[in-house]
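I'd like to ask some things about the structure below.
By written order: A, B, C and D. Residues from 1 in each chain.
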Amino acid sequence: MKKLINRPQDVVAESLRGFALAHSGKVRVDHDLATVYRAERPLLGTVGLVSGGGSGHEPLHAGFVGHGMLSAACCGQVFTSPVPDQVVAATQQVDAGAGVLHLVKNYTGDVMNFEMAAEIVADTADIEVATVVLDDDVAVQDSTWTAGRRGTGATVFAEKLAGAAAEEGRPLAEVAAIARHVNENARSMGMAIAPSTVPTAGKPNFTLGEDEMELGVGIHGEPGRATVPYAPAADIARQLAEPVLADLPFAGGDRALVLLNGMGATPLIELYLMYGEVAAILAGHGIEVVRPLVGNYITSLDMAGCSLTVLRADDELLRLWDAPVETPALRWGR
Amino acid sequence: MKKLINRPQDVVAESLRGFALAHSGKVRVDHDLATVYRAERPLLGTVGLVSGGGSGHEPLHAGFVGHGMLSAACCGQVFTSPVPDQVVAATQQVDAGAGVLHLVKNYTGDVMNFEMAAEIVADTADIEVATVVLDDDVAVQDSTWTAGRRGTGATVFAEKLAGAAAEEGRPLAEVAAIARHVNENARSMGMAIAPSTVPTAGKPNFTLGEDEMELGVGIHGEPGRATVPYAPAADIARQLAEPVLADLPFAGGDRALVLLNGMGATPLIELYLMYGEVAAILAGHGIEVVRPLVGNYITSLDMAGCSLTVLRADDELLRLWDAPVETPALRWGR
Amino acid sequence: MMSAVPDPVAGTPATLGVPDLTTWLRRYAAEIVAHEQELTDLDAAIGDGDHGANMTRGMTAVVAVLDQTPFETLDALAKKVGMTLVSSVGGASGPLYGTFWLRFAKPLSGLARTDAATLGLALRAGVEGIQQRGKAEGGDKTMLDAFLPALAAYDAAVDAGAEPTAALRDAATAGRAGCAATVTMVARKGRASYLGERSAGHQDPGATSAALLLECAVS
Amino acid sequence: MMSAVPDPVAGTPATLGVPDLTTWLRRYAAEIVAHEQELTDLDAAIGDGDHGANMTRGMTAVVAVLDQTPFETLDALAKKVGMTLVSSVGGASGPLYGTFWLRFAKPLSGLARTDAATLGLALRAGVEGIQQRGKAEGGDKTMLDAFLPALAAYDAAVDAGAEPTAALRDAATAGRAGCAATVTMVARKGRASYLGERSAGHQDPGATSAALLLECAVS
């Protein structure tokens, strides 16, 4: 395993050190609790947005802390959800009297740690907490008997759109409703041509032959639902888009926000090419992409591959999307 | 070779197709000549900025077309400079009466093709053209008897800073002087832990053992000056920073803009970690980083590694850096 | 599996005291470190490859607590262990093992030593805590597939009049068997469930660390 | 190296006409395609691995022109070839080979056929064009290391009274030898120069495509 790191156990702490220096003045990092805050104090009476999860998905979540998006991001170890202490501290820090929304990707560990944190906050502080769990990944069968679907690309949309609503001063219930609405109207699917390597593990999580790819992967280097033959981009786009579109289902005339996301080691030249293929398929279904986003936004360390997220948009979501945002990874309007 | 592509020969054209769709309304793409323009017409009396080069370095250059930065980017085939036809057309299109600056990275092919284009423009049109050749890479020995140093990370700074000057309505000579000033005050050095693969070549340009890395690489997948033992990030940072700082040389008290750049396949978590190491070294030399930039800005396809660019800053450069920019890859202030 | 540490329970067959629990935890920490790569590899196959690092981080933190703080009662010790795991592990295993020890503490309130029956209540409370927190059942291919049969075996032994050591030994044997049985299961909870049928054929990492935990009580 | 195409010059030993140059170019295009991987591999070793793709793209464009447009004079044909290469190749080789043909055209102005001496002037003009454009010299490990000895051999043959075919054959032999000599050279121009001493031990890709070009004139 070759990576630009020192000791594998120190990766998250040391990366946060660089992150803090790279964005000083904009964010503040609590290094003891590996938690990133906006540099500016929250506006009194606005809802706080706390998210977090395992590290290795950069820029998610730390890169989305800032005006118009998250109030705080709790960074776990690589692919390991944060602990309740982090979430409790963040919740207390960002509360500005209007309550705090926890945005949680649906993984057993994330759900349980945020749940314990919410219990602790309920027991010890007078802060209203709402939780929205994101589970947009159609690669996983949904069922009450399983861990359910994973939270992936919809998280980026939820953080931006709920963040914009919070910035408008809307109450906790409405901000949470927006995040829930995003989750209900978004679907994702991912694939990989090369696995990722967790630093402390030291070797790839799965192996693939020269003519194989992994379909339905998540963002934790876990193998996907199936190993299938490596295929041209046009074919991959179809294998991602069809299950996504069929699941909601999306229909002709729908407007959509689309994220064509890189898994961390796939260069932009390929992501744009993939986006061209996906856009053609969506156009063929009569779906109008009103806001496309192409790049590395929710990654899986050094995995090579991509994921597609389609979010059915309405005027309100579009307005929230276009609202100013100023974070390390997403910025416009200021 | 596995990539998210269709036919290797079509990569550039198809990627540009997706790029055009992803940024429609902001950029306009001439697909016949593989050239990207701003969607809005140039302001009369402002200098046009044309750059370009081989593809495979995304977001450079196409991702830097827009308000406050480039007027047009001519995209060559992968790692192959554009042809004069592209540059001639771009120069004619973006001229708004104040002349056009060609920003050229110092590679034999780029220099000759831009040179031929400038000759053709001089012969056929009444457009004043100035050319600034960027050669900031300290890995290569400079000499009038060789091809000279490569243009790498300084290009990003030159495009932003000259672009801001052009946006202010300053005359061609001044805009060119800024680009030249940037080049004279910037130094870069790169390294790789894994090589890139040119799609049409189908295999990596060089090979590295599990405990080797390549020091002094450029951005064209070419081998570096030396294969050295793979080392921890702190050590790599030293191997990049020391030759960079010694070359200008930089001195205690200098203020600097710093680019810690990913080569395409290195995830942000590692780039931030590397930035932390570099920042510590710069601080140790008494150099104050006034504007850091961490991410994939000038890449080498799917090469894993990073490069460091340090630009000695003054108040004017800082002001130009902070000026609004609105491009696919760099955006603030609007 | 057998460690060189002498059996702590052997000298006090009828009860388990604070020093015994301390020795158990230290031995577990050492075994986790020794099995870190194995746990990580198991997790890489059907999860995300961090279970070894997670458990090592957690048990290292527990050992640091043991080194620093003397405990008078079993519940104070177990509660601190639970809180330490919750605060240092993260992921699925952090809240689950954390909850195990937090709940384990309750029936032992104020006790410096416990007999076999009360220890059984503590184990049951701990395992039920895992069930409540994780909403999994036996057969879902999780740590419960080690804990549930272990608990049943413990209770059966105590019902038959066994002392803690013997009952824990039966629990460890059943836990290891339960862990082995996860190999053929299709996961319905945790990360491995994403793999569907592909999860069969691999031993569950959490069941493996749970089997280890039980073995460390007696070996 | 020997192609199955019959020698075009053989039938008209004293002169080289438009059909001969056309055949030369078509043969070169075919040989470039046949050697694409080799040129790419050579370029990967000391450059950026695109010389094969570059030359294939350029010569494919040239063949498309030949298929579409009839040419009456050598200079019209050569000029169009040069412009086509400049417009389709890019990189270092595009301007250099483009300039070669653009300058090659000049001494042949208005001619449908050329004798050995005038052809020599055209070759010289072409090679000098490469030198002017690229500012390299012999020994810098570039295509010039094939072209310069080839030109000298051509001139010597013509001075000794050779017809075009024979002179071109000498040029091809010298070009191939010059290309082989690049193996030991340390590059001072082009991308390979970044490697410094490490560039030694590899044959220059541009010298290889140049040697091929000369061989295609006669084989």
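Some points to look at:
What we mean here is this: a contact is a pair of C-beta atoms (placed from the backbone, for glycine too) under 8 Å apart; a residue touches a chain by one contact, two chains touch by 3 or more.
For clarity, every value in this text was computed on a predicted model and none was experimentally measured.
Looking at chain A and chain D, the chains that touch each of them are B. Between the Cα centres of chain A and chain C there is a gap of 33 Å.
Remark: chain B and chain C have CA centroids separated by 55 Å (rounded to whole angstrom). Chain A and chain B have Cα centroids separated by 29 Å. Chain contacts: chain A has residues 78 touching two or more partner chains. Annotation for chain C: no residues touch 2 or more other chains. Viewed as a contact network, the protein chains form an open path, each link joining two chains that touch. Per the contact rule defined earlier, chains pair up in contact as A-B, A-C, B-D. Within the complex, the chain A residues that touch chain B are 2-7, 11-12, 14-19, 21-22, 55-56, 58-59, 63, 78, 193-194, 210, 213, 230, 232-234, 236, 260, 264-277, 279, 289, 292-294, 296, 299, 301-302, 304-306, 326, 331-334.
By the touch rule above, chain D contacts chain B in their complex via residues 40-41, 44, 46-50, 52-54, 57, 86-96, 98, 133-134, 188-191, 193-196, 198.
On the side of chain A, the complex with chain C involves touching residues 9, 54, 76-85, 107-109, 112-113, 115-116, 139-141, 145-147, 150, 198, 200-201, 203, 205-206, 218, 220-223, 225-226.
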